[in-house]
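Here come two complexes built around subunit A, the first alongside subunit B, the second alongside subunit C.
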Partner chain A sequence: MPPVSVDGSLEKLRREGHIVIVGASLAGLRAAETLRDEGFTGTLTLVGDEPHDPYDRPPLSKQVLLGRVPADHTGLPRRRALDARWRLGVAATGLDLAAKRVHLADGDSLEYDRLLITTGVRARPWPHELEADLDGVFVLRTSDDAAQLHRRLNAGPSRVLVIGAGFTGSEIASACRERGLDVTVVERGSAPLVGALGGVVGEVAAKLQREHGVDLRCGVMVTGLEGDSAGRLRCAHLSDGSTVEVEVAVVGLGATRNTEWLASSGLGAGPRGIACDAGCRAFDVRGIVTDDVFVAGDVARSPHPLFGYQFLSLEHWGNAIAQAEVAAHNMVSSSTERRPHVWTPSFWSAQFGVNIKSVGVPPMADEIIVTQGSLDERCFTAAYGYQGRIIAAVTFDQAKWLEFYQRQIEQAAPFPPEFTTVDRRPEGMRPVPADFPDPSLPSHGPTVTLSGHSPSDRRISFTPLHA
Partner chain B sequence: MTSVALLRQITDYANRADPYPLYAELRKTPVVRDEDGPYLVSTYWEIHSLLHDPRVSSDTRNLSPEAARTISQEEDPNLPPPFIKLDPPEHDRLRRLAMRPFGPPHTPRRVYEMRGELGEIVSGLIDGFRDRGQVDLVDDFSYPFPVTVICRLLGIPREDEARFHGWADTIAASIDPAHGTADEREAQLQVFRQARTDLASYLAGLIEERRRSPRDDMLSAMAAGYGPDGQMSPVEMVSTSILLLIAGHETTVNLITNGMLTLLRNPDVLQRLRDDPDLVVPLVEELLRYEPPVQLLPQKTTLADIDIAGTTIPKGAPLWLVLASGNRDPQRFLDPDRFIPDRPDNQHLGFSSGVHNCFGSPLARLEAQLALTELVRRLDNPRLVEDPPPYRHNAVLRGPQHLGIAFDGLRQ
Partner chain C sequence: MRLVVDLNRCQGYAQCAFLAPEAFTMHGDEALMYDPQPDDAQREHVLRAAQACPVKAITVEGTDGALIAERAGASRVG
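Showing the complex of A and B:
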């Protein structure tokens, strides 16, 4: 096809094509808005399995549980009018790549010219179904989950059990303590947050929890939940042989990708997400990149040049937005105008009165150094090192410095940092093992440096690995 | 102008009314060592990155001895340095302690609840324009307003406000030193030192009084409050109070005065604000970008060599971050020399950024928003008496010395 008519077909798509977005949460909404910003005037349909308008999830484990914001008041602010067709409360059940059709749970189907998948993740349920069904056992992912849990916390349970001390679990424990509720946190690893931030920082999180009156039990698993004759949760049995009497248990065991509906579609989708290229185009099962199916947000796995081109799956609020914007731009752009998604991972959490923020990929690290402040004061900045370069950083109540470390990561700056900083303490003079439970060491590869600040100008240049 | 001392041009009074062409020239070399010594940084992203760089110190004791001589520091030997001139962790401790009675998370409503009182002060000052066809906005409005606000915030008794205004005026004048003979300068310095000493001992007494019988004001809260950081020492409280007075005074004067000047130069925008008072919120942000009250930060220094924009700034070098230039950087802002009251994506450097970002910014915003909305609403056919107006000497805290505004009448 000569270039002129390729451009012509792109123009036609932009003018009167049909774009379907499956997944009507943060990524889906921002993608839709970006499409309109980019000048897409065709038909836009958003499909969402929840009945609610797009809403924000971070407050669900914080302000909502504290009763400061009702669960149904976290609707996402709209950047612009959308002129979209909304199919809310209807899940997508299948995808026919050849016919370019999405099948819906109500029997309907939608034809598309371009498809964006932003189906995200859902809370991993308690594995024993009968125990999971006990009255008092919760997960926390949706606003309905938050409304139910909040209602139950209002009833003043004698004790709340949090299973899993990741970020969600820790935030729930924090909210419960702030409400004056007794909390037991059971974590299989050696410390809270250990999987995300390693043992050194995990130890700080553990002290923080205990100082706030959490009954924290690490290196322990919940082996069973037991109900009374009326089906109400009564107690939990732990792997150390002990029993905890609880009325509420919140399962915080991470998330599962919503990809089941794509099982027989031929798309490269599985439990770890949907693989896509840096331009957010989905791979099919043959490893060939599709031209009309795009992916963004929590459900995507995309290769990142800063981290050895490993596919990264990120459950980060900021990534959902950034990737949605890139995907939307690329969906209605010619190949030379497309942009790579090279967002530096970053996330935040608020718990026990501390603001925690991180950039980069801490779990890749082998070492950590406290560059500013002090672990004992719960107010610090720490940099993570991997093979002699800075790979990540975390701050406790020092978020304003984080941007500096992000640039260090993007420039593949050497680790440990050789420079003096304000507030450098004796403990920050040498690195220690970062102490991740299961370090996954990627293969050697070129290191990559990013430069420039504007999203359309994030050039990638290759620099050799530090010797 | 490669070999000319850029810094001298910036401080040259001849360039005070419109330093922006000079900044544009400066941006051609984002980081440049001035022949007078300091490294000048003039582009948005470079300034932004240095404001978040832990290798940059705000503690002037880290300046190299030669550099320390170039900035005239008139410190009170009896008081500890205010937190604006400290690095973490001391900075963080003092700022947290000062923030507890001022803003979120512990006192989220302090500024908001001053709204009514601020409105009354504004109305009272504008009522004073009655029967006059012309005012000097600086003397008649912009100066008295923020001092009255800081008095109410700290909890200065009404009967002492006049004395407080006197000290504030003297201290503010010292920021803009006279250019007389050595004797005249020394005499002015004496007056300034005396005012500062008097103010400090007055505040120390008041703090002690508030400690014994607290009221609902910031001094009482500082004197009585305890938190995880404990409490400020009495001299730290005095030092912090003086900082809040000085930092919240001159800057707000300039913000309001620059605001009216800009509106009177852009009558279409003035009319839009009159028709739609809600426009004032983004308008004040644009003002902070377009005519920032603090043009540059001259007291930073490097704790290590820093590679930036192709230049290595050596350890111990004095660093001048030209915020007003970064605010006009075309690499960051579209059409930067245009005043666009509802400009989107306006992350200006008007309040700086990083750990030292303006402590009083929520109050400054509210003061400017209320002042500009009311001035525009009530002045009938306001117009500039002269343009450009006479500027004060100070290149850092840049603003008109007087702003004559003529008008046909006052609306209610």
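Showing the complex of A and C:
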């Protein structure tokens, strides 16, 4: 049944309106498909700053760096025909909320009836500009980044430096080792993945890296990158006074949200992302929700009922799709038919031959318990607890258990878990502190950033990360 | 042909790697590594793999009816 609206304006929008999507990556593409699935027959325009067809990023740090898949072979499959106008290779530079117009870098502008913002994030560059420009210094976010880095790895550098041992940095280190390259990983936290998974699991990740021959240095920062007279990277200086000779450095210091173009728009956009309600409608700077501007994907910050209505920014593949689908549905639906975005955070990483998966929000946790398997065997399931309930779980090569824990999280099941587990080892008998770093200290980006206050507990406040 | 695997859903059952080894391989015990753009000659195998996946994690372009991949470039404006 077509949605009814008092003045018929919704039908008109669905029939002949103009919807503009700024951000032509995973979230933008899936939103566009959903709009057509929902029966939107008006004009659909996708704007993307990269010149490429929407492509998938997770393979870039894995298959592509390993040389199994060319960097330009990760284009996302279409779920359906789109009949869209594409403005690729041109960035949006401004938004006029009153005139309902998006300004583009080529001087053009697009008028919209509804706007969806899916501009995502970009890699945070090495903060020192001259050093960042040295030949041999890379970031890894786009397929062009991956193509360049892959080419350089093919040349067989004597040593690769990975700065920051978050998921991307760890995956890059893994690919380098698999290719037989010498790798030094420098992480300012106490262990790899510590910001995302805490110290207990971080310790396992550290052992994994060292077993695979990574020269891992934790609790250390890179203080400077030095080039030779030809401007080629020669070595890195570390905060412990040591120097590492490297030909390639990959900066894995997390991501920056692409919101600068909205700076004077009046939209509630900043370094943490764009705040929106559970229905993906953007807030303006006054904290009033807009009715024609929607947000989805990595750039969005939305309140999650499972986690005390805190605003979550999730740089997660699955979140981008789920949120895009909800946003698209809501853009062409009347208010009573709108849906909330209540996706349970989930992500995966493959590194050093291990499949790591997580569900929920581990950085919220204060305690962790190993419920199955064994940390020493790198094959386990661990549950995270926060104030007596399960709020996250992580598996190393035990993905099959994750769905069970997802239900536990969604039902706010008690922590420590009351069920008897199939395979409980001594280390799993008692919860221990989850050991997350102080969130106010900068580190490489955890994949989940929490901010704002939960109504039931005002203690939790996660600050944005800066390089 | 283009494909993507929802690795949140994938549980590493490896049916796909068995049915279309050119496109899907296991990396370690549980991690799936796939070719997002396998050769069209693999189409039969890939479609069979997608169908066999117990958690329906594999999306292959052009399996819903008659969609022939329209490339962004073809309809690019401006």
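Just so we're on the same page, the second predicted complex is superposed on the first by the 431 of 467 C-alpha atoms of A that agree within 3 Å, B and C clash if a C-alpha of one lies under 4 Å from a C-alpha of the other, contacts with A are read in each partner's own complex, and residues count from 1 in each chain.
The rule is simple: a contact is a pair of C-beta atoms (placed from the backbone, for glycine too) under 8 Å apart; a residue touches a chain by one contact, two chains touch by 3 or more.
The structure presented is a predicted model; accordingly, all values stated were derived computationally and were not measured.
Q: Can A:400 be said to touch subunit B (first), subunit C (second), both, or neither?
A: It touches subunit B and subunit C both.
Q: Counting only touches as set out at the top, which of subunit B and subunit C does A:78 meet: first, second, both, neither?
A: Only subunit C; A:78 stays clear of subunit B.
Q: Tell me which of subunit B and subunit C touches more residues of subunit A.
A: Answer, by number of touched residues of subunit A: C.
Q: Looking at A:373 after the superposition, I want to know if it touches subunit B, subunit C, both of them or none. Which is it: first, second, both, neither?
A: A:373: touches subunit B, not subunit C.
Q: Taking the superposition on A as described, I'd like to know which of subunit B and subunit C A:287 touches: first, second, both or neither.
A: A:287 sits against neither subunit B nor subunit C.
Q: Share the list of subunit A residues that count as touching for subunit B in one structure and for subunit C in the other.
A: Residues 379, 398, 400, which sit in both footprints.
Q: Given the complex with subunit A, which residues does subunit C contribute to the contact?
A: Those residues of subunit C that touch subunit A are 1-4, 6-8, 10-12, 27-31, 33-37, 59-62, 64, 67, 69-73, 75-78.
Q: Which of the residues in subunit A end up touching subunit C in this complex?
A: By the definition above, subunit A touches subunit C via 24, 45-46, 53-54, 56, 58-59, 62-63, 68-69, 73-88, 90, 106, 108, 317-318, 346-348, 350, 353-355, 357, 379, 397-400.
Q: What residues of subunit A sit close enough to touch subunit B in their complex?
A: Touching subunit B from subunit A are residues 371-373, 377, 379, 381, 398, 400-401, 403-404, 407, 419-423, 453.
Q: Show me the residue ranges of subunit B that touch subunit A in the complex, using the header's touch definition.
A: Residues 45, 49, 52-57, 87-89, 92, 303-305, 315, 354-355, 357 of subunit B touch subunit A in their complex.
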